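Some structures to go through are shown next.
In the two complexes below, subunit A is the common chain; its partner is subunit B in one and subunit C in the other.
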Partner chain A sequence: MNLPALKFSKTPRDMNRRDFLRSGAALATITLAPGVTLMSFGGEAAANADAGKRWGLLIDVNKCSQDCSACVSACSKENGWKLPENPETDAQWIRKVDLKDLLTGRESSLPMMCQHCEDAPCVDVCPTGASFKRKDGIVLVDKHACIGCRYCMMACPYKARSFIHEPLTDQKAHAPRGKGTVESCTLCVHKVDAGGTPACVEACNTTGNGAMMFGDLNDPESDIAKALLAYPSIALRADLGLNPGVRYSNL
Partner chain B sequence: MRRLVVALLFVTGLLALPAMAGDLGPVIPKATGVAHIEGNLFMRINHMKLMVHDRDMTVHEGDRQVKYSLKACVECHAVNGHDAQPVAVTSEKHFCRVCHDYAAVKIDCFECHNSKPQISSSALLKPEMPDSTEIAAYLKEATQ
Partner chain C sequence: MERTIYREIPASRPVIQLAVLLGGFIAAAAGAVLYIEHNGHIVTGMNNQIVWGLPHVFAIFLIVAASGALNVASIASVFGKTPYKPMARLSALLALSLLAGGLAVLVLDLGRPDRLIVAMTEYNFSSIFAWNIYLYTGFFAVVGVYLFLQMGRNTPYSIVRTAGTVAFLWRLALTTGTGSIFGWLVARSAYDAAIMAPLFIVMSFAFGLAVFILVVTGMCRLTGRPFGKSLLNRLGRLLGIFVALVLYFTGVQHLTNLYAAEHGGIEWFILRDGGIYTQLFWFGQVLIGGIIPLVLVFHPTGGVKPVSTILASVLVILGGLAQLYVIVIGGQAFPLDIFPGFQASSSFMDGQVNAYSPSYLELLLGLGGVALALALTGVGLKILRILPTNLSDGNVGQTP
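The block that comes next holds the complex of A and B.
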């Protein structure tokens, strides 16, 4: 019995108009006759993880209030994790942290999530390569390779990762999650790849206090880069030199 | 010579298999979308390799327009239960389980991925009306 062999198509994947305009990769157009053109592409169109970009967040702690958790509920809804009943073991992709300066009594509140470090400790320690950083700076867990050893959870200074202890059903199609793997904030990578904004930022701007800003840190024309240039901001645990993609102002 | 006879018997056995498929093989549910141009045999043999290749494209490169995604499989191959809603992999009627149960191959995909499509149920309606035998079979099953 002859079985057909597995061969991957050599033609570029189906492109829509947006992809076509987006792919700057060695595009040549030859006009054969008026209205008749011959086009050739230099390899496949660029995938959505763009090495020229570095996605990040800027959180204005002054605007964030203690009684608001719009970002947390939006993340939970978007990615299909239940708001934790037992915070020690239940998944928390994002959580609110309240701070108080004991000397002055000043209280502040901020959202805490994966800081998407440039030199991410979780990526360093992962024994299987499951914990990885995308070309555009988003730190993710490839759950196909995750063995659930939880080294990354130990390594993360922000306590940003969670382990799934129990079997799950009815996950979101864009955010698969399952028992025995580690997970954390994905910066809503499925939305970002589609040109969108993370759910927490959207919720903060609509029902919250407008304290969060999302954008490309590498693009000097982006709102976030302009704000970072104009106002002072800090990276949490800057002493570790991890260069996180999430920065806080007025903390 | 004996070896040749055994081989011949084996080959004729294989050829006879499709004829007996109704009795022996799994009854594979029909999909709602357009058929795979590669053919069903190719997909039966290679679907896992295609999906592994494309899942790496999506997870690591952010390519969301891959040709072979598990999400697309689940949407097009959804099988509806008695409540007209797609069944989960916990049901024996689930498209993936029909063959995997038959071949005794465990599916790990649905430990993390959802085995049901997340599109409106009206989009899952069959494009053509079921014939009377199909309706009779459904009623028989539903009343059991």
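The block that comes next holds the complex of A and C.
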């Protein structure tokens, strides 16, 4: 049996001066300035966005059960925020909300997170532009530019944002966070940019009830666009005209 | 009527004692800020529900009062009322100092105050906050020039009047901007109303004049300079008109909201069921900050007594703080209505009235802002010729 020959990309001997300098710079960046390189969601995350897409979620409230919180645990694990010990001050990127219809008494449950509005109030009110919307509709906070004024939290109709009240440890490199700044669901932008699916949706489909669907709202061939076309769905606080990227059916 | 003579205040024993006291408050506030910044906002009473707390109440009070403190100068320069002219310099100085104190509190409560430079260099022009940065810095420039022109020897009245008019229009824009911070919040039923801007303007008239009355009479007393009884009475009656305006706009605000069923929740929360917020509204804002001052200044016999105007000014300030506490914190305490027609509950306090108990650190920060404003005024009075040596009725042309 012929095994394919192993190929080394470049041995140290083949390394030219430019490669050497490049690796040195990379090493220096990794060792000296992890805070600087990891603490942002600015240019790089924005640059990866595809203007032709509009990422969104569709949540089937009928399938979501009150006793399941697989999406919440998955988000917490993926993005490195602790499940709340002190619910008043701890960050919650996603939460389960239990609802009871005041007229009929019917009970339901659904996950709430940043609704990634097209006309996002948090983006409008942010004085420094730290709160921004990518071309593909994902709303993020640039951790370098956030001054911690919390005006976005006042403006968000969905209570989607959290302020970091305490020093943090054990952060994930792909989900930068910082004391004194505001954060919220990133729609797992690091996974989406790599062609993946948000952790909440993955968890809901594997260990949950398959109530969440992720996809490109602009692509008529995507499952989410087809489902939105076939079944009735709503945007929360549709009266505000914000056109959120997250939709709910059977509420 | 003599020529008005302006003199620096002397470093007398009571002035030094006052400076030391204010310095103590400023130092305490600085300590509180360092402690909060080191440990995070976890050491304050603020949380993810009540994101703006007691520091913001003080900061907004000072910023609103700053533009109102300019009233006296505007009445003198723009509307040409002679008895107010000798007090115009102090009015401008106090306006600048109050704004500095308020902004200091606002900035020092940021999650990242070290990034102030970002706020000064990166602007998002769809944010009223960003516009306010221009309005605040512009206010310093406009009022600074206005004060400079007033103090210039032989500056023609027409030039002072022009500068005063620009400053007057600027202060209206500034308070419109401050009110719009709340008025443009579409998400929250407590705000989202165009009336917030004019409401804040009349609040600024009342709070600013109340602070001015206390500062001018206090400084005259401290330095042994006479202050006319009739002049004080006149200021008191003007304060009464402003207080009545605040009550009127507050009434319109709540009646309009009560009429719309969708705002019924927040209205009954503030007016009837809100516990501390309801008490602060009726007893703090309406009674202590509104009705009692009105009776004090307009009472046929008691109203002419100097103590009535002084007491009314103190009560207007207390009522103003209560009003801002109800607006800022009461408005956040009432839950967001994300799911109209449903009862909501979650680990993130959905559907619940949010609790807030301010920490002493927040109180120290707020009081530090007040102390800073007063200290800056004191420094201005010490080094500049701001305060007239004689504000007696005969000297300012006020008919007793």
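Rule of thumb we're sticking to: the second predicted complex is superposed on the first by the 204 of 251 C-alpha atoms of A that agree within 3 Å, B and C clash if a C-alpha of one lies under 4 Å from a C-alpha of the other, contacts with A are read in each partner's own complex, and residues count from 1 in each chain.
Going forward, a residue touches a chain if its C-beta (ideal position, glycine included) is under 8 Å from a C-beta of that chain, and two chains touch if they have at least 3 such contacts.
None of the values given here were measured: they were computed from a predicted structure.
In the superposed pair of complexes, A:Thr181 makes contact with subunit B and with subunit C alike. When the two complexes are overlaid on their common chain A, residue A:Asp170 makes contact with subunit B while staying clear of subunit C.
In the overlay built on the shared chain, the residue A:Gln92 is in contact with subunit C alone; subunit B does not reach it.
By the document's definition of touching, of the two partners only subunit B reaches A:Asp136; subunit C does not.
Contacts of A:Leu236 after superposition: subunit C is touched, whereas subunit B is not reached.
Touch counts on subunit A: comparing subunit C and subunit B, the chain ahead is C. Of the two partner chains placed by the overlay, only subunit B lies in contact with A:Asp193; subunit C stays clear of it.
Once chain A of one complex is fitted onto chain A of the other, the partner contacts of A:Cys156 are limited to subunit C, with no touch recorded for subunit B. Using the contact criterion defined above for the overlaid structures, shared-chain residue A:Asn48 touches subunit B, although it does not reach subunit C. With the contact threshold set out at the top, residues 144, 167, 178-181 of subunit A are in contact with subunit B in one structure and with subunit C in the other. Note for the complex: subunit A touches subunit C at residues 84, 87-92, 95-103, 112, 121, 123-130, 144-151, 153-159, 161-167, 178-182, 236-237, 240. Those residues of subunit C that touch subunit A in the shared complex are 37, 39-42, 47-49, 51-52, 110-113, 115-116, 118-119, 122-124, 126-130, 133, 181, 184-188, 332, 336, 338-339, 341-350, 355. The touching residues of subunit A, when paired with subunit B in their complex, are 1, 3-4, 6, 8-9, 13-14, 16, 19, 47-49, 132, 134-136, 140, 142-144, 167-173, 176-181, 189-190, 193-194.
Subunit B meets subunit A in the complex at residues 14, 38-39, 41-42, 45-46, 49-50, 53, 55, 57, 59-67, 71, 74, 88, 111-114, 116-118.
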